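Two complexes are shown next, each including chain A; its partner changes from chain B in the first to chain C in the second.
Take a look at the complex of A and B:
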C-alpha cells in the first residue's frame, strides 16, 4: 500500500507542481486562503458555508447581481498545462435566471468574454452545460450534450498541448483549441442572477498544474 | 498507480463525490475558520511534539474544551448525513479519572460534549475512570445513550472508525477491531459534524492528529 499522497499523485522521480485541494468543510469559509467576495454587479454577493447535507460552500447573489470568489489575484496556475476538478451546481429554481462558472481565471473580476480563463458554465440562456474558455481575443463556449440543471455534477477541465477539454460526470463532453487563456491563473467560483436570486454551490475544488 | 488528481484517489469521475473532509491538525494554530473552538477554562492548541496534532487541555473543576467543524449556530455547518456516513479519527485519551469525560465522534450539537442530552450523536467516550470505551448514540430526543463495551481504554494512540449505514445503525472499530455490537436504537436523526471534547476536574490532555468524515 502506498502511504504517501505524493507518490499516489506523482510518478517516481517527478517533481510535483502546484496543487490546491479544497473540501469546503467547516463552519466558516477559509478567508485566509480565499479572498473576500468580489461584487461584480450590485452588492448582494455573499459567501457562506451551507448548513445542509453535502452543502459545501455557496456563492450567492440577489437579483440582477453577479459576484465571485477567487484568490485575490495570487495566480499560481499555468495557462499552458493545468486543470481543475470540481463538484458544483447552481441552485436557481428557474435555471435560466442563474449562472455558475467554476474553474481557473486570470482576473479577480468580471472580465469573462475577453478574460483569460477555463471553466465549466451552467445556466442562463445556454441550454447546455458548457466549457467556457477565453483570452484577450475573445471567448469560446463549447456546449456539451447535457442540459443545464440544478443537480451536482463532477467537472474536470484540462488544458494541455494547445487544447482544452471538459469532462462531466466522467464523460469527455467538450474539446476546443479556440480562445485558450494566455496568462497565469487562480481558482474561482462565479455566480450571477437575473430575475431570481441564486447560488453557486461547490463542495469540492481541486486545481493543479500538470 | 499514479492518480491524476486527489479527487480520483477516492472517487472515479463518474461518481459525483459527496461531502468529504480530512484534517491532519498541523500548523501554527487550529484553523479558526474550519474549527469552532469552545472552551470553559480549558485550552485548545497545536502540540509542539511529534505526532501530537491538536491538544485539548483542561485543568480544573468544570473545565471543558471542544472543537467542532459544525460551528455554533452563528453560523452552523453540519454537512454530514446521519445515515451513510463514516467518521475516522486518530486520538490519544489521557488516563482515566473520576471526573473526566473524553469523547470524539459526530454530533449535531457542536459546542458541547456529544454525550449531552437532546443531541443526535454517534461517538465514543471514556468516562469517570471506568476504563472501557462507551459508544454514545442519540436520536435527538432525551438522553444520549452510553452503551458500554468490553474494550479497555488506554493512553496510546488509537484510531476509531464509526460507520452509520442506511438505517443509521452504528458500527464502531478501534484499530480495525469491532468494539461492542451494532447499535440499532437511539440512532441519529439529524445531520452532524465532527467533534472532540474533554471535560475534567483535574489536569488532562486529549490529542487528535487526524480526522476524516465522508458521506457515502
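Take a look at the complex of A and C:
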C-alpha cells in the first residue's frame, strides 16, 4: 500500500506547518527556490553542484572572501519554534582558513554578530564545531566537544521554548538560551575564506516550523 | 510492487515568476490572477486576484497528466483569504486547464458555489457535494482520494475526517495536480494559499 510522506511526518489529519527539504542533486541547483549567490566580501563567491560521489552543492569562496546562498529574503520560518537538519562540511587545506555556517537566518547578507539566526559553525579560529545564535543584541557561540574538521557531519539545530540546541551526529552537543533570533527567517548556507580558498559542501538541508 | 508516480511540493523558497519552481506552470485561465511565494511564517505560496470579476487562475502542470483517474491521492494544506468577497479555491486533480473544469476531482472551497467545503467531480459535466463543514479562512488539511477498482468513488477528507464520497460524474482520463482560484466579486485583496501538496498513484 502506498503511504503518503505527509502521514509519516504529521499526526493523522493535522495541519502541517511550513517545511522545506532540499537534497541538492541534479545538474544545477534550483534557482527558482534559491536566490543568486550573495557576495558579502569580495566577488569570488560561487555556487555549483559537486560532480563527485555524495558531493551535493558547493558554496565556494576565494581568499579573503565571504558568500552565501539563501531565499532572497522570503522568510517563512518561525524564530520561536523551528529547526534545521543538514549534512555538510567545510573543505579547506587548512581548516583555520575556512568557515561554514548553515542554518536559518533573517537577512540575506553578512550580518551575523547582530543578525537574527541559528546555525552550525565549523572552521576559522574556533577550535570546536559550535552552535551560533544571534539577535540584534549580540551573538552567542556555544562550543561542542567536537574538534573542527573537514568531514561531513549531520547537524540538527532546534529552537523551542526559549532555548536553542545543536545535535551533531546524533549527539546533543550544545544548548543555549542567549541571543536567540527575534525575526522570521530563511534557510542559508555561508562560506568564508581567509588566506586559503575554501568551500561549504551540503548534500541535505531540511528546514521546518514546529 | 514497482514504485509509482509520487510528487511532493513544499512551497518554500524564493519562487520563480508566478510559480513555485520549474515543475509548475502558472495558468491564468480567465485572466486577473498572479502568484508568488509568501514572505511570512508558514505562508507557503499565494495566488492573488485582481478586482476583475471572474478572475480565474492558478498553478498546474501544463496538462502533463501523470495521475490515474482510477487510483490516486492528493494531499494538501490550503486556505482562502477572501474576507467578504465571493469566490475561493479548488485543490486536487484535473485533466484540463480551462473554465470547463472537466475531468476533475477536487476540494472546492468557493463561497460562490457553496457555503460549505465540497467535493467536486467532473467527467464531461459534473457536480459537487457539500460537506458538513462551513467555509472559513483557516488552514486545513485536505485529502482527495480517487479510489481504484473500477473507478467506483472519490473521497474527500478534511482535517482527518472523511467528509464526502462521490460516485457520479467521476473523471475518466489521467489527471495533473492543480491549485487554482476563482473570484466572483470586484473587491480587492483576495487570495488563496497553499503550503504543501503531495500526489501519488496507488
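Convention: the second predicted complex is superposed on the first by the 207 of 210 C-alpha atoms of A that agree within 3 Å, B and C clash if a C-alpha of one lies under 4 Å from a C-alpha of the other, contacts with A are read in each partner's own complex, and residues count from 1 in each chain.
Methods note: contacts are C-beta pairs under 8 Å (C-beta built on N, C-alpha and C of every residue); 3 or more make two chains touch, one makes a residue touch a chain.
Not measured: the values here are computed from a predicted model.
After superposition onto chain A, partners chain B and chain C are found to clash with each other.
Touched residues of chain A were counted for both chain B and chain C, and B has more of them.
When the shared chain is aligned, chain B comes close enough to touch A:27, but chain C does not.
Looking at the shared chain after the overlay, A:152 reaches chain B, while chain C stays out of its contact range. After overlaying the two complexes on the shared chain, residue contacts for A:5 are found with chain B and with chain C alike. Residue contacts after overlaying the shared chain place A:161 against neither chain B nor chain C.
By the touch criterion defined above, A:71 reaches chain C but does not reach chain B. Comparing 26-34, 44-52, 62-70 or 116-124 from chain C against chain B in the aligned model shows that the clashing stretch is 62-70. For the contact definition in use here, the residues of chain A common to its chain B contact set and its chain C contact set are 2, 5, 10, 19, 21, 30, 32.
Within the complex formed with chain C, the chain A residues making contact are 1-2, 4-6, 10, 12-21, 30, 32-35, 71-78, 184, 207, 209.
Note for the complex: chain A touches chain B at residues 2, 5, 8-11, 19, 21, 23, 25-32, 48-56, 83, 85, 87, 152-154, 156, 167, 169-171, 203-204, 206, 208.
Listing the residues of chain B that touch chain A in their complex gives 1-9, 11-22, 31-36, 68-72, 75-81, 110, 191, 193, 213, 215. For chain C in complex with chain A, the touching residues are 4, 6, 8, 10-16, 19-22, 37-44, 73, 75, 77, 139-141, 157, 159-161, 195-196, 198, 200-202.
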